[in-house]
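Each structure below is given as structure tokens.
Below are two complexes that have chain A in common, paired first with chain B and then with chain C.
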Partner chain A sequence: MTKHTISSVRAGLLSKEFSAVELTRQALSFAEAENPKTNAYLSFSPERALAAAERVDARIAAGEDPGALGGVPVAVKDVILTKGLKTTCASKLLENFIAPYDATAIERIEAAGGVIIGKTNCDEFAMGSSNENSAFGPVRNPVALDRVPGGSSGGSAAVVAQGTAVVSLGSDTGGSIRQPASFCGIVGVTPTYGRVSRYGLVAFASSLDHIGPFARNTRDAATLLEVMAGRDPKDATSAEAPVPSYAASMTGNVKGLKIGIPVEYMKHATGETADLVNASFRKLQAMGCELREISLPNTDYAIDTYYIICTAEASSNLARYDGVRYTTRSQNSGTLSDLYKNTRGEGFGAEVKRRIMLGTYVLSHGYYDAYYKKAQMVRNLITQDFNKAFTEVDAIVAPVSPFPAFKLGEKVNDPISMYLSDIYTITGSLAGIPCMSTPCGNTSEGLPVGLQILCKHFGEETMFRLADAFENS
Partner chain B sequence: MKLTEKEVRHVANLANLNLTEEEVAKMLVDLDGILEHMDRLKEINTDGVAPMSQVLFDAGDTASLRADVPMPSLPNADALLNAPQPGQGYFKVPKVIERS
Partner chain C sequence: MELAPPELIAKYQPVIGLEVHVQLATRTKIFCSCEMAFGAPPNTNVCPVCLALPGALPVLSMDAVELAVKASLALHCRVNPVSRFARKNYFYPDSPKGYQISQYDEPLAEHGYVDITVDGVKKRIGVTRVHMEDDAGKSVHDGFRDSDRNTYVDLNRCGAPLIEIVSEPDMRSSDEAYAYLTELKQALQFVEVSTCDMEKGHLRCDANVSVMLKGAEKFGTRAEVKNLNSFRFLKLAIDYEIARQVALVESGGRMVQETRLFNADSGETVSMRSKEDAHDYRYFPEPDLVPLRVSDEWKARLAASMPELPADKRQRFVTEYGLREYDAQVLTLTRPMSEFYEEVASVSGDPKTAANWLMGDLAGLLKAAGKEIEESPVSAKHLGELVAMVSKGELTGKSAKDVLPKMFETGEAPGPIVDREGLKTMSDMGAVEKIIDDVIAANPKQVEQYKSGKTAVMGFLVGQVMKASRGQAAANVVNDMLKTKLG
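So, the complex of A and B:
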């Protein structure tokens, strides 16, 4: 189980080494047995998984292709709707919520033969950088159990690192895929904004939310993205742009590729993280890439910009959790107004409340221009920084996080310090460009460090070509 | 301090969020620190810069619109499955209008 890739599953199925049903049973029992170590899964879906596996076996028996993800065990972050299965958003408010329909990404995965085996833990409503904001307990990093797996998609990163799923889905608003991928030593991809439909992704900050894949190598991540990508009439923000063959882009040849190193990112990087990232730059140079320093001058303002925009959008998106339609309901409310206030006060966790408050404040009368509108203008400047850089370079490389996985509890009482851990991932999210984390070595304590690769809008092919070549060199 | 306790209570009310006394006190300290950090944005000159409310990429003007064709919506029974208090095909809430 722990060694499987999408291609090894395919080879095993086609050579009759195992059936999809056998692999699914094995994956489920292994994942359930391992889960107490990390708390990465919140629920398992054996019935749905076995039904999907039976369809794959039937395809193979009929001489048909099993599909791009045929028989592959997939785990899904619990903010993505899966019909008939619990989708809790790791919130007490939704602990009994059963999704009435499937997200488009889920429909596409199953149509390609993928087997959804369970739902993964995360920060409540995807708000956090350590997975400690889950109402159902934190996730432990499988690489070092006393440390966080990163967040908010901590569970989805942990299951792939632990080998209890082959690939998984996360969501990324400001780094929630890349940062946990780097902390757990795997590949995590945030595609171009609009590349993957968000229909059925529980909204946190709509102008920033993405669905993206986790995998143990770039090829698997690219395959999963390709299955999910493309226009969806149910999501008006999904892009019309054609979906290329990512596999065809991974030629192994990166000679002459122009790569930018943003000086603003490297001035904060210290210690072993900086050493490993700098070593990666030398490796890229040895592979034939042309490296040059570039400037993204508004980088220092990204954190503030992001936390204004994302909390503003969150305060609006989370207004729907009012105790009327699909959440638990406070039992002590005589009036409708009290019902809303008590349900939300009792149901939301501390970080979600903090963000709703901040977002409501920055949108409120007298502060809208000073905070929200100002942040939207700075967001434009940050995007222009990238657009300008991509007229000179094909890709940008940088650290993912200023430090490797930290200890559980280390930052939990200091929201600003927690927010600052997103410093390198937030800029790409604000611009809506594709970015990913790929492993670039371990610290002396054995903690993984990720290298971030960023490309221009819809530049996934270049990003995967570089990541794949880097991984195999 | 940028914020007052009164403002925290006002914002909580706008957000329909009941906070305990301890939460109000903690929120005051946390939000104050975060807002002070955010004030750094004032350093940047944004004269003439358009606010960016959505990620933009090259596409036709109506590319995001689909044909206006009626499609089945979520059946009533399915929509009520997660309701804390369904009844008669509706969501029940405490009475908001008194009979005179």
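So, the complex of A and C:
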């Protein structure tokens, strides 16, 4: 189980080494046995998984192709709706919420033969950078169990690193896929905004939310993305652009590729993370890439901009958890106002409350122009920085996080320091460009470090070509 | 509440603006594909999107946009090539998202107008803007056994497509507001963007009312009066509000900006909330929707598909058909009425007589039967044929008045009825002449009187001829022939 990739599963199925049902049973029992170590899964879905596996076996028996993800065990972050299964967002408020419909990404994964085996832990409503904000306990990093796996998609990163799933789905708003991928030593991809439908992804900050894949190699991540990508009439912000074959783009040839290194990023990078990233630059040069320094001058405003926009949108997106319909309702509330206050007061965790309050404040009368409107203007400037840079280079490389996985509890009482861990990932999120984390070595303590690759809008092919070549050199 | 007497009110100038919400007549809701059926069992026309389930996203209905653009054009607005949706945040159980998706600083359309006529005076009322938004559900506070403790929520209406039409503060009396709303409703019904059925809540109206001393330039502080769900209430509420405000100001009080609710039972308005505790809606651009683009080409296509607007039609009926203003107004009250009339006019070839028959005899029959013009058993074509027979002298007006009820009863064309009952005007001049000769011979006394100058007796003689012809002789022919014969 631990070693499987999408292609090894496919080969095993086609050679009748195992059936999809056998593999699913094995994956489920392995994952259930291993889970207490990390707390990465919140729930398992054996019935749904076995039904999907049976369909794959039937396809194979009928001589049909098992599908791009045929028989592949997939774990799904618990902020993505899966019909008939709990979708808790790691929040007490949705502790008992059973999704009545499937996210578009889920429909597409199952149509391609993917087998959803369980839902993964995360920061509550995807708000956090360490997975310590879960109402159902933190996730431990399988590489070093006393450390965090990163967040908010910590569970999804952990299960792939741990080998309790072959691939998984995360969501990224400001780095929630790339940072945990980097902390756990795997590949994590944030596609172009609009590339994957958000229908069925519980909204945190709508203009920044992405669904993206985790995998143990670039090829698997690209395959999973290709299955999910493409226009969805249920999401008005999903892109019309056709989805290319990502496999075809991974030629191994990156000679002459122009790569930018943003000076603004490197000036903060210190210690072993900086050493490993710098070593990666030399490796890229050795592979034939042309490296040059570039400038993204508005980078310093990214964190402020991000926390204004994401909290503003979150304050509105989370209004629906009001105790009136499906949200776990606080009992003994005499008035409507009490019902709201008690339900939300008791149900939301501290970080979610903090962001709702921040967001409510920045949108309130008299402050809108000073905060939200200005933040949108800066966001445009940051996007322009990237657009300009991509007229000169094909890709940008940078660190993912200023530091590797930290210890559980180390930063919980210091939200600002926690927010800073997203410093390198937030700019790409604000610009809506594709970006990913790919492993680039371990520190002396054996902690993984990721290299971030960023490309222009819908430049996933170049991004995958570079990451794949880097990984195999 | 003390109300000001008329002589005091007369010192003041009321200033009125209206905010009108209109439900668009689309098949589905504005952001999901749920049906817009009226009267369905509670919470049956719902889906993840209008229930605001986690992860669900709105998708704008282009049918709704089409109707909203048509409405904007009917109100002579400039439709913006790009408009934007915004979230209006507030908590209420019948608003499952916790926000309304509306348009804020970039509305669909702006700078329109509605022309009104009050007491023969024409006036143009500005339309500030038309914007699109979704409706909330319904909170049901009574009618259940546990209504003293619980409120129920029905989300069938949640997500219904609405436009809000905001007028300039251009109206100066409740009569002008009444006329504005009438014209607006008529225009929207003509272009078929809404049924505008106030009873079903498809047309809802709030009024902004203030008063200032006549001759003053600065408007007074306004109150927004809500819940005006009939034309009568609109007028009552505005008049009440004017009298209340004048009394308040006259007694040295100060107007506060507030929202007031009209109570139809008492006929009064009561304060709902002041500006201080008004909601902070925390508007911001809706990130789940892309900007709404209306291309020039699409707009032109919609404009070309628009029917003639009632005001234009009214004008044309006067100039083209020579109708009186009043008749033109009656015949353009609804689009079906105006279309019915135009067909009668065209088939009959006599627009004026057609108008009289439609507004007189047919309207009477419809009223007695409790039917609308759309349900008339007499088709426009058949009425046109009947009018034509009268105009051409083939049927006397008297006979036609007997034929129409029969047409109404059976739905038949006039021809067969006239034939069957032998009502056709006598076209045989010899036969008419014979009857006249007989009448002259039988009434020597009256003939003498006529010849001696008592011309009033002519009516009696004509009556005798008509009687003898069983009404089938054409009255004008009889008149002429009698005069000739009596020298």
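Criterion: the second predicted complex is superposed on the first by the 473 of 473 C-alpha atoms of A that agree within 3 Å, B and C clash if a C-alpha of one lies under 4 Å from a C-alpha of the other, contacts with A are read in each partner's own complex, and residues count from 1 in each chain.
In this section, a residue touches a chain if its C-beta (ideal position, glycine included) is under 8 Å from a C-beta of that chain, and two chains touch if they have at least 3 such contacts.
Model, not experiment: these values are computed from the prediction.
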item	value
Touched partner set for A:Tyr199, first chain B, second chain C, both or neither	second
Partner chain in contact with A:Phe18 - chain B first, chain C second, else both or neither	neither
Contact breadth on chain A, by residue count: chain C or chain B	B
First (chain B), second (chain C), both or neither touched by A:Met377	first
First (chain B), second (chain C), both or neither touched by A:Asp322	both
Contacts of A:Ala103 with chain B and chain C, given as first, second, both or neither	second
A:Leu81 touches, of chain B and chain C: first, second, both or neither?	second
Which of chain B and chain C A:Phe403 touches, first, second, both or neither	neither
Doubly contacted chain A residues - partners chain C and chain B	97, 100-101, 207, 233, 236-237, 315, 319, 322, 324-326, 336, 340, 360, 364
Touching residues (chain side chain A, partner chain C) in the complex	80-81, 87, 89, 94, 97, 99-101, 103, 198-203, 205-207, 233-237, 312-313, 315-316, 318-320, 322, 324-326, 336, 340, 360, 363-365, 368, 372
Contact footprint of chain B on chain A as seen in their complex	96-98, 100-101, 192-194, 207, 233, 236-237, 239-241, 298, 300-301, 303-305, 307-308, 315, 319, 322-329, 333-342, 344-346, 348, 350, 353-354, 356-358, 360-361, 364, 370-371, 373-381, 383, 415-416, 419, 431-432, 457-458
Residues of chain B that touch chain A when the two form their complex	7-8, 11-12, 14-20, 23, 27, 30-31, 33-35, 37-38, 40-44, 46, 49-55, 57, 59-60, 63-66, 74, 78-79, 81-85, 91, 93-94, 96
Chain A-touching residues of chain C, taken from the complex the two chains share	48, 51-60, 87, 89, 91, 93, 96-99, 153, 280, 282-284, 287-290
